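Should a chain be cited, it is by its letter among A, B and C, assigned in written order, with residues numbered from 1 in that chain.
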Amino acid sequence: MNERVINYPLPPEGNALRLLGEEMHGWARALFHLPRSLTGPGVRATLAYIGDVLPGLSLFEVPTGTVALDWEVPDEWTLREAWIEDTEGRRLIDSRDRWLHVMGYSEAVDAVLSREELEPHLYVHPTLSNAIPYVTSYYQRRWGFCLSQGQKNTLGPGPFRVRIDSDLKPGGLSYAELILPGDSDREIFLTTYVCHPDMGNNELSGPVVATALARWLTTLPRRRYTYRFVFGPETLGAAVYLSRHMDHLKAKVDAGFVITCVGDDRAHGFLPSRLGKTLADRVGRQVLRHRAPDFTEYSFRTRGSDERMYCSPLVDLPVVSVMRSKYTTYPEYHSSLDDLSLITPSGLAGGFSALADCIATLEANERWLATVPGEPRLDPRGLKPTISHTAGHNLSHDLMDVYFHCDGRHDLLAIAERLDMPMGTVASLASELARHGLITPI
Amino acid sequence: MNERVINYPLPPEGNALRLLGEEMHGWARALFHLPRSLTGPGVRATLAYIGDVLPGLSLFEVPTGTVALDWEVPDEWTLREAWIEDTEGRRLIDSRDRWLHVMGYSEAVDAVLSREELEPHLYVHPTLSNAIPYVTSYYQRRWGFCLSQGQKNTLGPGPFRVRIDSDLKPGGLSYAELILPGDSDREIFLTTYVCHPDMGNNELSGPVVATALARWLTTLPRRRYTYRFVFGPETLGAAVYLSRHMDHLKAKVDAGFVITCVGDDRAHGFLPSRLGKTLADRVGRQVLRHRAPDFTEYSFRTRGSDERMYCSPLVDLPVVSVMRSKYTTYPEYHSSLDDLSLITPSGLAGGFSALADCIATLEANERWLATVPGEPRLDPRGLKPTISHTAGHNLSHDLMDVYFHCDGRHDLLAIAERLDMPMGTVASLASELARHGLITPI
Amino acid sequence: MNERVINYPLPPEGNALRLLGEEMHGWARALFHLPRSLTGPGVRATLAYIGDVLPGLSLFEVPTGTVALDWEVPDEWTLREAWIEDTEGRRLIDSRDRWLHVMGYSEAVDAVLSREELEPHLYVHPTLSNAIPYVTSYYQRRWGFCLSQGQKNTLGPGPFRVRIDSDLKPGGLSYAELILPGDSDREIFLTTYVCHPDMGNNELSGPVVATALARWLTTLPRRRYTYRFVFGPETLGAAVYLSRHMDHLKAKVDAGFVITCVGDDRAHGFLPSRLGKTLADRVGRQVLRHRAPDFTEYSFRTRGSDERMYCSPLVDLPVVSVMRSKYTTYPEYHSSLDDLSLITPSGLAGGFSALADCIATLEANERWLATVPGEPRLDPRGLKPTISHTAGHNLSHDLMDVYFHCDGRHDLLAIAERLDMPMGTVASLASELARHGLITPI
């Protein structure tokens, strides 16, 4: 019992991590041009692909009209194709190039229109002339085309043949769940979203890193925590998931992560939970402080993903985001420039590693109590030289620094915070203390 | 019930505020040359004038000899006139010019004195050669004349005829009280003093602003709080008032303000309560941070007015001062130069507005609880556009920032502090949430 | 009762302090060349000398083999002499010069050795070429000589006659205790160590300052606290003492001090307790902030003396060190250069004064409660002028600053902290309030 070893699972690193980065980028490439939206076949195809990597993944469908908290599942949207042609039948805009060309949830249209009639249905990016903007209208029936300012400039005077071949009819909202049981029924909650077509950092980085984390967790010899992964459309998916599991999540979740924007190489960002003081907050800050000391901590006021559901005042789960470049902070956000070149294998690997460190930190984060009053003798245990010389500090000092905080009140994370050490170092030192029976779990 | 509107009474602003500033300055001019002191006819005349503006004002008299806490009401002082003449009967110093020429509580004298005999009875300002200092000797019988160094330099060699026509005999201490009932019997306590003759910022600014605040409160359609105004002499008046009402005040007062030094245009100052953490402290700091970000927060060690009574350790009321230029911090303090030109209509208006903001903040400061788990849908309520475009932050974000703190634990003031927003903005956003049933009072 | 005077015993100062510094330095000179080690006659002789100054000092012996917490009392070591001679019988190294020449706990040796055979038994200082290093091997049998690099350079090629005349055999560990009863059975714990031969700041400064503090305490007319002094070998002595008194210490001690490194003139240092928030921490910081505003507060991670026992997690006593130059921070530490010239009469006097201020602070540190609601009248008590003039702050203001914190919740130390005043000033002001019945002990 006293020698129970601290469970700090070492995440992949070095070449294994490099290869994992490549693999994740491959998944992103495969998933890129699926027509994801709030609902529809693109979401299902994405979840099916992830299910191939994660065998236990369960798929769920929630019918149109289902009420979820303050929300309701709308009609399902199926987009087959969309284009604008000139009078000679030349394709000027074509959804085969980027699904982003179609406003999300556009109703069907098939008409010949003058330039003037088409104009109100054209959307361009407010600042980037070469970017197709990402525009949706989920709850108000509209149709529209999104295009770059450059494309718009060369459309010509018209008339145009305009066609959007889409359906809006009762169907369902799709999401997937994977539960990996651990020694305890206390849970770590990880959620990501699958609803943006053709985008990299603010979409595919999330599901591919979540997939890699889940697969890594299945390989561990031991999990103290139970892990719950959710893949679904942003906002409404979270509302649906909460409407079914809120009481359970409020009772069981010790820490949670919205996995988003974890794919580029440019920055590290942290979004705290509502009040910023939960275990998840402590873990996220501790990991980033040691991995990326120049990380940016954003205010919860800049929230924008599913913490809008999970951290809302009547839900108030301990959910944070440990990110690379945060949504809204980089220029390509919500545009066609957030593509497969913006996310990189090393960026994804970095996003994965930061979250894997969070998981390892949580796994190791128990409270321990010293077994010996006074400082223990280290030399007979081989933990210190038997000769005392003038020189001062040595490694046994770090060992004792950890020992001196094993008072049953500080968890290992609190010790890492106080000593300003990486959690891996603290876990390793505590393991050595535990192996020698100098501390006992509490 | 869910739609109960936040009660944030909007104080006068713009032209109404400008006119109020002029009106307050007019009151100050009318009150200026009344012979105020710790007791006596000048105090009574001042309270009578205020009573004309505030019909419900109740006047009280406490007889000489009454013990109040550690204090005792002294003999009443009546000063009719005082002067120094030369041998030709020329008035050299005359209380008709400024009552400040007479040391407060001077006993009567009528004598011809040599310059040498007169000398120990002459008081000049320690640093300002053109200022008459303010000097009193309430508890030790003395007589004296206060004059500028310039006046003293030209007195000549004497002899002098010196006359102070005054009485010191049993009478009473006068104070006035106005109680404005509200929905609740919880109270806001506002006190100011009327005992300095001929002075502007450190005297008349207090009673005229207090009078304007009380009159404004009477015009409000609703008061959540009950308001208690006290006008009396400084220090002893507070001791007398506490001796009669201490238990009530300790049981009922949620926040209090000593209204003093609220009439010039040069600065904003804040004196916290004894330990600096009461509701009144939070309100005062919040209001000044947004009205006058460069305001000075003084240490409680620099206290000097009736918080000496109300914040004393066995009383410990939540009383602060929200000021313009604080007593002792401006050169003209306690001298004839603190006159009607030092206080201005706009200075008084600013002092009024800061305190009115404090009152509005207190009125609005309730706790609310979200009614919907998860973030509510804003678009069907008309609170957000139905189209989602690339652009980020919008006004609905501020609305949700307030919503996300409506957890039943943060009062609106705490929300304003966390969001670093003016309380008026938070109250307005919370009102909109309440109107849509998204939050409910707790 | 209301007039109970604050017990702030004034430590010696001026000439008395200067003479005390000289006396302490004299004690250090007398003790310098006793062969102190973990055990043995040098420790006993040291304790006997201290006992001559402190009549009530009790001596204890703990037999070899006694288990103390995680430790065990080893064989007793007696060193009679040790030297290295060349073949002509010339002494090259001789313990008569410095006991430091012999590795602590060296076993006996008497042999003729080649330079090559001798080499592994020679220890030099890692950085200072003219310093003999301090080296011990308490728990692993070895023998060795310590010498300066300069001495080593001139040893010559050998062979050498090498002799260490020492015993390692069952005996005992010695320590001494002095208890000075006070009004209360709450205790202040002061401990120092006697186990380093021939060293000044990191050894003798501790016992001589502790001795002076104990003698000073015996002269006081009143002690609120009971004082417990312990003199014994570092680390093991503390383990032994704790093994006998831990429950008592945990139940009774309000503050404790490891007295070490209190003899030089170069710096002031502070080592906090384990978590840094005990009464002892507050006292140490308060005293040094006013005595030596540029003092260095070290991290508890740099601990190195008996707080390793007394502050260990299962013991967790409120023990700190108020020092001059802290061990490991000055170059001469643990070498022959930490000698009688490094410690000075004024350095020792400064170390004594800082600790005496801590004791005076603890003696005075009671809670008081105002007796009068409202600010009391000061003029009839002679505490304030009877005339009120333009000038602002005066001494009565400091008196009232203390009075306003006498709320029964702030002890006098908390008041000193809030007012940023020396504790002696606060105690003096509180005494004046108490003499006038304005505050009462709680």
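In this section, a residue touches a chain if its C-beta (ideal position, glycine included) is under 8 Å from a C-beta of that chain, and two chains touch if they have at least 3 such contacts.
Being a predicted model, the structure only gives us computed values, none of them experimental.
**Student:** I want to confirm something about chain A and chain B. Since they are copies of the same sequence, is their interface symmetric in residue numbering (over half shared, so same) or not (under half, so different)?
**Tutor:** different
**Student:** Using only Cα atoms, superpose chain B on chain C and state the rotation angle in degrees, rounded to the nearest 5.
**Tutor:** 120
**Student:** So how far apart, in whole Å, are chain A and chain B when each is placed at the average of its C-alpha atoms?
**Tutor:** 55
**Student:** Show the residues in chain B shared as contacts by 2 or more other chains, in ascending order.
**Tutor:** Answer for chain B, listing residues that touch two or more other chains: there are none.
**Student:** Using the touch definition from the top, list the residues of chain A that touch chain C in their complex.
**Tutor:** Contact set of chain A toward chain C: 369-370, 372-377, 379-380, 386-393, 397, 400-401, 403-408, 419.
**Student:** Could you pull out which chain C residues touch chain A in their complex?
**Tutor:** These residues of chain C touch chain A: 69-71, 123, 125-126, 133-140, 142, 235, 238-239, 242, 246, 274, 300-301, 304, 308-309, 311-316, 328, 333-335.
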